[in-house]
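To keep things clear, I will list the structure first and then write my remarks on it.
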């Protein structure tokens, strides 16, 4: 910003006026801080207060209103002025509501809030969007099963051209080979017609959709708005540009040959659910052995699922699909004896109706584990309800409801080199859950089986070729409230590759993924960030003149947004970037910056705080708080009028990943007595929406120890803590304890230097 | 009409729970104008009242915070609280929706300073804590409320307390004459995300919910465990505030029952597993017994089930308890049959949690009769004959967990932008 | 008279018996809806007097355990409180099924000597003979069905009650109460038995 | 009275024996409640809970069929009974015949043997349901001339008066299965106090208590214990079998458990008769209780 015109506006309302001397703050602003405009108001967010600021802005007196009032999380509309860049200094939640009124320390905290606000403004610029050239609005859908077909149709219906690729020679996937589907409409009782053929027709008849069968992705490069995809089919490779990618590669059945104990292979009349489905779709169920129509059929559920030796998860759909098949058998022959042997019958939601329908039709449900299936089709069941082991004889056919394996990798491709670390970055599925009185329970090792096969998209990213996936091999989001929160911006998975799901849910999921793809394309066009910092126009700028090519930024970027060019310098794929600032935090030479968030800005804020001399007995503790969890928790501490120590100085940061360790050494050199980083949960079960910000910060802190030692300071003066958004009642105490510890060390001897 | 295109491209979202909030934001982030209506005083719906989510055990407020930040940035998204829909007319591309806003008695001047609450001694049942505690008659919906604005309880209106409340406000934010307002919205598509209500535990007659404070519902358990709840997050016996040693969870309390909710509510098994964790995190010696018919930890949630089940102090009893009686010491006693052992049990507990199911809120409230079908439970399904302009989302469309609700809402946002056509 | 029972199955979960129950037992058609939750057995006021309880009995029916079912004490200890029936989440009329299984057990000769069978015999005798239940005569007939000595014993045990009843005019002495048209009633009951026999043949 | 409603009244076998005082008191209070009872012509036994065992399902249902056929001949009015078992069987049979065409055919074939037929759908109701749905509590209160101030009553509903029909449409949806309020409402309407009584729908053992009391005495004890704990003067019930079981087994319970129960067990209709200012013997039939309800007797005119 060439011509900064800061103005400090101090609110006296909500108890601020009673807690601190706002007159003194005004005097500070116009005096020491030399801010040309400084005003106070009884009710700044009221119409009159807002009008005052509006007028100053309109008159050209102010273009950086520094609102010394409430938290940046409230009154955002009121304090948003066209043509001006607002800075918020939180006097309310973090000072007036949390510190004792009228005391010197409270006044000092308030004064420092104003100082930090003014310092922040001095290093902030209004970001200008970076819009890439050659953007494309076409959506690539990978996978031509029912999920992919739905995705293609949804994207086309939203006005996008679609490129739909399918690895096999035919569209339709599993669904095309099946007879009927599970009910998804009321009354939820009867198998419904399979709609896959009509989906195929609709896709083939849609001029916006280009279908390529026998095609896979050889390589993916580029970024949202301009992905360069190399497609391979039998005849060769072809380069295409697309704006976003929807991955709907689906699933494959668990390999039944691994289920020898369930008789697979021992008798031709032990078949998988998928094989049975094929029979149902092609003229009816017949025994492979003699072609006879079976009259007594047992379904063994969880064949391979919920079994640590095979698939640890529940494949979700097998209960429903087995019920469907059982109903079809009974419908064809009402006298047939059909048994469903389950451990837990899982027909969630309205599928319970389907279960009842099968009971009504006479299908027999037995609870128990199938212990073995013999070559003569004797099924031995540990019948839990009768309390005895039952050999079931006289069966004509045994159906194994085999589970579903996600196709987040392509088993027909060779495994790629590298990229293992992007797999299974998830909650350890066998990790013990914390219990009172047990400090730390040893976590059993979890063999993180990297799924066989090669990468689906073969991403040419610094972070590896795979789609990130979770512990069980599903390419799903890590977050409950954001199922489409991808770690590869612009690429969205849907259907059974994301989570075991049936056709109806997959269709819905396809629509959800397409919506996100549409947003990705639109955001790329506007140079805006995607979730969670939606709309942010800032982006990292690299001062290549002093870059040492250390590669930390390219390695640490959680989204793989930064490549290294041929000379080894970082090169930003701007639309992959989610603006967390992890690169900025990583940079040892402080040369990565955002227009409105940069190393200098925070340094100035740290330096702006007045450090009382060593005789004052007044400590100063720097707290850098994640703005998504810790800062709101601190706000809520104030809202609940929990007290906060008046010796802390708080600076919200985008993510702990953006914290540059030089800020910490700056702080100690300036005379702070301690520094605390507040971030969200790290580790496998991370909470960070920038994937690993707090984890990275912790790693970096290890090195700060050395810096402190070189300054002859105790390592304990710096701490990184996990603070969740629900810690409003705890966070004040965490601070108090830390301050107490610091007092134990005594003051930082560097004060006054 | 055929070639005229939509008259309005505005998308209206009814319901400000996680599904409605998601649908509104996702649609608005594609550039369309969106209006979000919420019946209550703050956004977030049922999830705002949850302590943590399964299986990550993370806090719902975290995701809500991100969503609220997104809303703050979206100038094309307008949020109206205290608002419900009284009527829908028209067709895709041109709906006229009558909106009725009930009085909050607090206007936009409110800074959430809290002087009004301090001024009154009158208390009302806390709706946020499902009646487990009282709140002042002028109250902030909760610490994470969006919008951050107070409410005056209607029961205070017309009493001297209301005058005290009004007098305490320096910002002229208390409007005791507030009569609410009715207005009409012209929009091209409507997303119906009215969510759910907990099934009324009083209807489970043999469980005698009313006879003991130590029989709570699962939604109340969430409040008991929440730092912002009636006990500051300490799980204790509501009757006497004492620690709990033996806790029972009763699954399918109302669900999978032709006398109550015939469907499976999907979330309750996982919810109770999570509640077991809440208890075990707080008490070294506590025992938790989960009474169930089928433990429905679908898909990857199976791992959560196994992780909780690894705790030797969490037991699973395959049984639908028949009844609860109260013993001489006032403790609830579960009576029933263990279906695996055939034993008849009479087991006393310090705390019993009824895993009550989800009842679609739409089964009680207004539902537009155009382009919308209700199944026999009250869940909404898109009409086969409909034009696709009214789109159900979240639990209004079926019993879903949070992740599936968000998935459903995101899909609904796409359907809505398709319905109103390319941005003009 | 009911359709003949199938033979005891040679293999577990042969559905012959289950289907017989479905087609021949009052409420049996709904039994398939049982999801084995245990609500019925847990609701029974004298569930402790039952070896299996209704839930497990239903599973045994599915498993084809005919003899075990008819020899079960479960079918003889129903108090007709209907808790199981009204609480059953699957709408299974448990009471009806249990009660009719008891009737079938008598019909097919599984039991002759249990109290309920004796009591039922005495009851029906009164209903059929007089058109009404004469509590005094029925009770006496029931007691003495155990034999003279046992009958005396049971009678004496309840003598005080009987005296109280007589004194308060709740047990009369003299001729039994009778309806006017006992002939008509007996004709109806005979016809009903005839229809039953006819239908069981048709169905077999 | 202009708004008198007429019913065909089915007293049931117990009215001639153990439940004579129920019958007597119902007949007494009916006019006060605007209910005209016309006795069902030549009614027969309903089959109770054991008829089907010896007689078979069809014969047992035909017993009710005969009563229904007589009611049909007698006039269009609903059938009403005060006996829980009669209600259960007759109502149940009527509902079954209504929904099962084959059963209707068979029953009519059997009835034909006596020249009878039943070819309509007659509503079979319980006196208590009629008081709730037709008479209304207000009318009960109006009829009270002798409010029973200070009398503490444990309202014991038992099973079959509410189960399995009280919550069904055919049963008039007049109360709940587990926690019915009507009896307490009746008691309070009579000016007495309905004490907290959480075993109100516990089972007395029914016919098992008649056959094998040793298996069910503990059930009856629970019912008595709760009444003692609630400091009740008297237990009130609508069911004749409950009344008899709970009253007559107190000696046996005292012997077996070493207790000293001596609590009167009366019918709600007896309480109403007293509260309506009617004669304690002639109308309220208090002389027919083995354990004397002394307080109620004292209150009676």
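Here the chain labels run A, B, C and D in written order, and each chain numbers its own residues starting at 1.
Here is the rule we use: a contact is a pair of C-beta atoms (placed from the backbone, for glycine too) under 8 Å apart; a residue touches a chain by one contact, two chains touch by 3 or more.
On a predicted model such as this, the values are computed, not experimentally measured, just so you know.
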{"item": "From chain B, the most remote chain by mean C-alpha position", "value": "C"}
{"item": "Innermost chain, where centres are averages of C-alpha coordinates", "value": "B"}
{"item": "Selected interface, B-C versus C-D, where C-beta contact pairs are more numerous", "value": "C-D"}
{"item": "CA centroid of chain A to CA centroid of chain D, Å", "value": "65"}
{"item": "Separation of chain A from chain B, taking each centre as the mean of its C-alpha atoms, in whole Å", "value": "23"}
{"item": "Euclidean distance of C-alpha centroids - chain B vs chain C, Å", "value": "49"}
{"item": "Of all residues in chain B, the ones touching two or more other chains", "value": "206, 256, 318, 323, 339, 342"}
{"item": "Multi-partner residues of chain C (at least 2 other chains)", "value": "35-36, 56, 83, 86-87, 90"}
{"item": "Contacts with two or more other chains, residues of chain A listed in rising order", "value": "345, 356, 385"}
{"item": "Interchain pairs in contact, sorted by label", "value": "A-B, A-C, B-C, B-D, C-D"}
{"item": "Residues of chain C touching chain D in the complex", "value": "1, 26, 45-46, 49, 77-83, 85-87, 93, 95, 99-100, 102-103, 106-107, 115-117, 119-121, 123-128, 131-136, 139, 142, 160-161, 164-165, 167-172, 177, 179-181, 183-185, 187-193, 195-196, 199"}
{"item": "Residues of chain C that touch chain B when the two form their complex", "value": "35-43, 47-48, 52-53, 55-56, 83, 86-87, 89-91"}
{"item": "Complex contacts: residues of chain D adjacent to chain B", "value": "176-179, 198"}
{"item": "Touching residues (chain side chain C, partner chain A) in the complex", "value": "11-15, 18-19, 22, 32-36, 56, 59-60, 62-63, 90"}
{"item": "Contact set on chain B toward chain C in their complex", "value": "206, 252, 256-260, 293, 318-323, 335-339, 342, 344"}
